[in-house]
Every structure is written in structure tokens, then in C-alpha cells.
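Shared between the two complexes below is chain A, which has chain B as its partner in the first and chain C in the second.
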Partner chain A sequence: MMDASVRLRRPAWLRAWGVALVPLFLTAAYLGLVWSPQDVNQGNLIRIMYAHVSVAWIGFVAVGLTALFGALYLWRGKRRDDVLAVASGEMALLFSALTIIGGMTYSRPTLNTFWTWDAKLTLTALMVALLVGYFIVRALIDDPVRRGRVSAVVAIIVAASLPFNYLAAEWFRTLHPSRAIALDGSGVTMAPEMLFTLLFNTVVAGLVYAWFMVDRARLGRIEAQLEAERAERELASVPSGGVVRV
Partner chain B sequence: MKRRVARRLGIAPRRVVYALLGIGVLGVAGFMISQALNTALVYFILPNEYAQEPAQYENRRIRLGGLVAPESVAFNDQDLQLTFLVTDGIQSYRVEHVGAPPELFRENAGVVIEGSFDADVFVSDKLLIKHSEVYEAPEDGHIDIEELRRSLQ
Partner chain C sequence: MNDLLAVLWVARKDLLHETRSKATTVATLFFSAVTLVVLAFAIGQDEALLRGAATGALWVALAFAGVISAAQSYQADLEDGAFDHLLTTPVPRAAVYLGKLLANWLFMLLLGLLMLPVTFVLYGAAWPAAWPWLLATLALGPLGFALIAVFYAGLTANLRARESLLPVLMFPIVVPILLASVRASGALVGSDDLALAQGWLRLLVGFDLVYAVLCTAIYHFVVEE
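For the complex of A and B:
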């Protein structure tokens, strides 16, 4: 029996948010593909940057939030936190994979290669591999509590690589260009229209991430409830007097 | 003592130990990652670094990084021979590369070339661009392709 507290329908506000994403996405694409000026060196190739960098940033945020919810699960043991961690983790894997695909697309015409093993690219490849590992680990463990704990540790390890990845081009010699925007506000080496286009694209990418994450968490809560009910049914079906090992 | 701290924080003492251990392990892992990346993943060396110890790089495939020196570029489109000087401002070397120059290749552009030294000439078979983090619009709103082409003559 489904608990009445779990609603199966996507709530109206979530549907409205999803619909609003369509014009926002189209506006972001227009800004990047048409409105933004060409770059003095790269010409029209700069337009790929808006998709690559915005997706990469949100991928980092997604990895960070996966680890944060994982840490919360380790701390308080609430199933809700594990559900949020998975929802964010799936988007983290998707956005990291898109970062690599977009990066290769951007890199071939500008840097003259699809791929090279410099520090930044290597760390990003490692991040994708570890995120795949996160889901392999989850699939291998049946006990929900152990599954949540082990995968949370994996998520925290992935997140530990984020600062190295983010600052790789400053800390190590890489082929990948350095950051054009310093988060401490010390400098932006990007034309104002380009900066606006990039930030707009990043906000939209963030809203896309958040929408899928919220909706996936909604499904995750239903899944968790079904899993708990199935476990209860199995317990009830054991003949009285039998020993149950859980 | 441990228990008292834990009680004051309102959490089980074991979890505090695990949390502290976890932070410690992450710190050590982070330190090791940074060390490994620092020594093993120096993506390219600069011309002046090569000049200091050429013997160390003898008969070895290396990556050399620097800027394309102004007025040093020559390209023969018959046999695709590209020659230029790569410089870090201290030391420069002549580079011989077979293949068409990439789109963003020009004077003062950052490059990373792969290959090995033959005497004092760097023979490259892979030419990569390392562009700067400066993104700006051209002054008159469009790019003069002809000017770019001229800079490559």
C-alpha cells in the first residue's frame, strides 16, 4: 500500500519550473550563438565556450552537493539525504560527461587536439571515472544503510579533487587555459558582453540541474518508500518462530 | 574526555572519531595528489629550462612550451614545412614542424610542441595551442581574416 503522504504526481510548481526552462534555455542559446560578439583570437569558436564552461561549473556544484548530502547522510542517517545525494550524483555524472564532450568539441579547433593528459583534463577524467564508480558501488550493495554510507564516502573523495581541478591551470602547467574569472573579484579578463552571456548560460544550466535534481529526488523518495514496504512484506511473510536475518 | 565533548555536541562519540579520521585521510590524500601532480604532470618545459640541462632531455620525447616569436614564422605550403622560433623571453629555439599551422597559430601565440631536439633545432610532430585566458571582442566588431593570414606569411 502506498502511503498517502507520497504524492505520485509531479507538483504544479515543478511543472511550471520545467516549462519556464524552455524559453530560458532558448534565450541562453541565442545569447551565446548570436548576440555575443566574436572573440578577437578565436572568432566564432568562442561560442562553444559558453556551453562548455557553464556546464563544467554546474557539474562542479553538482559534485559538491552530492558530497554534501552524502556527508549529511553519514552524520544523521536520514534516508532523505541519501535520496538527495543520488539525485545530485546522477546530474553530476551527466554534467561532467558533457563537460568532457563540450571540451573536446571546443579544444579540437582551438588547441588543435581533442584530448591530452594535462593536469586539468586528467583530473576531470578521474572525476567521471569515480562518479561511474559511485553508481557501481550503489548497484552492488543491497542494504540501503550500507549502500548510502559507502557511496557517500566515494562522493566525498570525488569532491576532494574539486579544488585541484578548479585551480589546476594556476597550480600546474596545463594546456587548458586558466580561469578568466577570479572568484575573489580580483579580475575578469573577458569582455562585458561575453561575461554576461557566460553568466546567463551558467544560471540556466544551474536551473536545469536543480530541476532534474529535485524531480529525481521526488522519484527517489517514492523508490525508498517502495523498498521499505517490500522489506516489510518479506518480513511479514516469514513463518512465525522463524529466524530473520536482516 | 572524548565522551564529554561528544555529549556537549549532542552526537555519538564514535561519529566524532570517524569524522576526524575522515578529515585527516582527505587531507593526506589531497596533499599526495598535489605532490604527484606537481612533479609528474609538468605538462611542458620552457626553453630556458631545457637550456639549463640539455643532457637530461637527450634522445627523449618532450613537450616544449612558449610563445611564437614575432617575425620568425615561415610556412611552405608545398611540403607543409612550418618553421618558427619558440621563446620564453629568456631563451628561444628554432622549431621545425611538418603540417599546416592550426587556426589559432600566429605570432605571440602560446604553443606547446611535442617532439625532440636535433642539436639546437626542435623537431616537432605535434603542435598545440595554449591560448590565454583573455577573451575580448575585436574593435570593429569583426575579424580581419586577411590580416590574420598576412601575419602567417
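For the complex of A and C:
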């Protein structure tokens, strides 16, 4: 059951957070475009990388969180978990679409082709298709409880498919430059200024994602309340003994 | 023990229904054969090109047929409300899933075995020396495919536009299965490269294991009323 008094206004702390993102974003852009040094091989083209890689990382985190909130919804059955899953899913779709655009912008001048069938690019394209499927399923189910459960199941299956898709695409053919940062933290082969710029951009991308997700979840709660009220009104307008069409 | 029996009974029910109606058999058999012929036309006259495309064409034909088979296995149940009866029986939902999976897998296995010689004749490919591994691919690939297909067919069975929805939802998930199956059988048929094929087979086994556990665990969220 939703709280009867959902606030319609964006709370002050959320507004402050949104305003604070503007200078942070400008700083991240300054660091990437001006402050950080040129790359030995790629020259100024390396500057695309800061925006591209940070957005890609956050996109994958967003898919994982969508599945996580989905799993929480299956476990506890609280509507707010479903609302958070959708909010995160929409951002995941946006970020992975941006990753593809960024990747194509980056690979045209560096690898001389828009599309490379490279593992990471293929994986991201599949992720977009999978997330679109997630929203198609949501749009087709009217009952909020069933919609939440089925879409949570889809999100979990999607998140589990990513490592397999990655492996398959990696073995299929890969042209992508090898990761400069190993996941265990060893073997960083980047200039410290570059690494700082990349990490700063990633943090800002994460804050942008989180802001939009929190705000979208706020709207989602209002939507859920509206949906519940509408269902109640429809139920009340049916004379007793009448048949409710669902 | 009883649950295992329930799995076998659900599978038996589906297979029995199929042997009597033969609806899916006729549709998928001709559909996959036609797909093989059409793909051969699309590739053209070049014999080397045809030989190289043989395993790819086989898996495309099997994948499309698998979608039909999985959707059909719920269609027959839903028509007379039999599926609701099935769900009210005191067996776990997972047993229903595994039973349908077993029936679909056996069906695709048979279809694969029938289409294999057709492909070799139409595309002029040479029978590989390590043919037992080809059969292993033919068993593990459709298993992974059926795992996802039966799961998603249950999910879409009650939805509008299910015919077009099922492939849209499931194909991005089974990309690793298709890739691994095509590459493994291609390595065997084209170049007799056993080591390469075994690498891809390992991916198939991993996929099958992970999704067998995952899908069985969360299937009851998909079909509950």
C-alpha cells in the first residue's frame, strides 16, 4: 500500500544535488578536454575515452542494480523496489545507448570503422536489445504485481546473460584495445593525470545516474499511487454484483 | 523422487500430445528444411562458400524451429485451459518447467539429427572425423536454447503479440548459445579443429548449467496467477 500523501514537489536536497551536478560535470569536461595530457598514440582522440568509458561502466552498474532491485522485489514484494528497478532500467538503457554512440565516435578515427564486432561493443548492443525487451514486457502487463514480478525475472535473466555474451563475443573476434586497468587493481598503464581524469569522470557519471534514478523513482512512486487510486475509483464505480472487467 | 516423476509425466504428456496431433512436428520439420533451402539460395552457387556456411545454416534453421516448438508447447495447453489445471496439481512449478524443457529438448534433438544429413547433402560439407563431438554440440546447444525458449514462452504465453514477442525477447539471450554452437560445429566440420570446438563446448556447458539452475529457481514467478 502506498502512503496516502506522496509529495509532488521535488525535495530540496534533490534539487541541491541536481544543481551541484552542473559544476561537477563542467569540471569533468574541463579535466577531460583541457587539463589531461595527449596520448602518445592517439593524441587528442584519447579525450573521447573519458566520456565513453565512464558512461559504459555506469551503464553496466545500472543493469546490475536493475536486476538487484528486481530480486529484492521478488523477495519482499514491496512496490518501491519495483519502482527503483524501473528507474535504474531506464537509465541503463540511456547509458548503454550513449555507450554505443560514444564507442562508434571513438572507433571511427582510431580503428577506421564505425562497427567492429568487438566484444564490448557487441555486448553493449545486445544489452540495448535486452533492455528494450524488458520495457516491452512491462508495457504489455496491466496488473502491477504481475508486471513487477515478470519484469524482475526478465531483469535477472538479462543480467545473468551478460558474462556469457561477453565471453562469446570476446572469443568471436576482438579488436578492442586491451583493458588498461585490470579489475584487480594491478598493472595500471595510464598516466596518473589520465587515470585521475577517468575516475573523476566516472564518479560524475555515477552521480548523474544516481540523481536521475532517484528522481525517476520519485516520479514512479507518484505514478504507482495514481494507478492505485484509479483502480480503486473504477472498483467503486461498479455497482455491487457487477462484473469487473480486468 | 515424486517431483522427478512429475517432471517425467509432464514431459510424457507433452510428447504424447505431440505424437497424436503432430502439429509442431509437421510445421517445424518443413520449416527448418525450407529455411535450409532458402539460405542455400541466398548464399549462391559458390561451393566453397556453401560448405563454409553449412553449420551456420543448420543452427539458424534449428533456432527458428525451436521458437515455434517452445511456443506451441504452451499453446496447446492454453487453448482448453489445461495449463491452469496443470498448475493446480500438487507438484512444484519447477517440475512443470523441467518437464516441458525435457520434451522440447528431446524434440529439438530429434529435429537436429534429422536436419544434420539434409544440411550435409544440400551444402556439400564433409562428415567430420570427430563426429561424436558434433553430436555433443547437437545435444548441448539445443539444451541451452530450450532452457531459455521454454522459460520465455511461459512468460509470454498470456501476453498480447506473443508470436512476435518471443523471438525478440529470447534471441539476444541465446546469442552465446548460437555463437558457441555454430563455432564448435564449424571447427569440427570445416577444419577438424577439436581443441577449438572443445573450448566452445565448455561455454555451452557453463551456460546450460547456470541457466538450468536460475530458470528452475525463478520459474514459479513467471506462471503464477
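A few notes on this one:
Simple rule for what comes next: the second predicted complex is superposed on the first by the 224 of 246 C-alpha atoms of A that agree within 3 Å, B and C clash if a C-alpha of one lies under 4 Å from a C-alpha of the other, contacts with A are read in each partner's own complex, and residues count from 1 in each chain.
Throughout what follows, a contact is a pair of C-beta atoms (placed from the backbone, for glycine too) under 8 Å apart; a residue touches a chain by one contact, two chains touch by 3 or more.
Keep in mind that this is a model prediction, so the values were computed, not measured.
Among chain B and chain C, the chain that touches a larger number of residues in chain A is B. Judged by the touch definition given at the top, the superposed model places A:105 against neither chain B nor chain C. In the overlay built on the shared chain, the residue A:119 is in contact with chain B alone; chain C does not reach it.
When the two complexes are overlaid on their common chain A, residue A:157 makes contact with chain B and with chain C alike.
In the superposition on chain A, contact of A:194 is made with chain B only, not with chain C. By the touch criterion defined above, A:42 reaches chain B but does not reach chain C. In the superposition on chain A, A:225 makes contact with neither chain B nor chain C. In the superposed model, A:27 lies in contact with neither chain B nor chain C.
After overlaying the two complexes on the shared chain, residue contacts for A:129 are found with chain C alone; chain B is out of touch.
Overlap of the chain B and chain C interfaces on chain A comprises residues 74, 153, 156-157, 160-161, 164, 168-169, 171-172.
The part of chain A that touches chain B in the complex is made up of residues 37-43, 45-46, 49, 74-75, 109-113, 116-119, 122-123, 153, 156-157, 160-161, 163-164, 168-169, 171-175, 177-180, 189-191, 193-194. On the side of chain A, the complex with chain C involves touching residues 74, 126, 129-130, 133, 136-137, 140-141, 149-150, 152-154, 156-158, 160-161, 164-165, 167-169, 171-172.
Only residues 11, 15, 18-19, 22, 26, 29-30, 33-34, 37-38, 41-44, 65, 102-105, 109, 112, 126-138, 141-143 of chain B touch chain A when the two sit together in their complex.
The part of chain C that touches chain A in the complex is made up of residues 148, 151, 155-156, 159-161, 165, 168-169, 172-173, 175-176, 179-180, 183, 199-200, 203, 206-207, 210-211, 214-215, 218, 221-222, 224.
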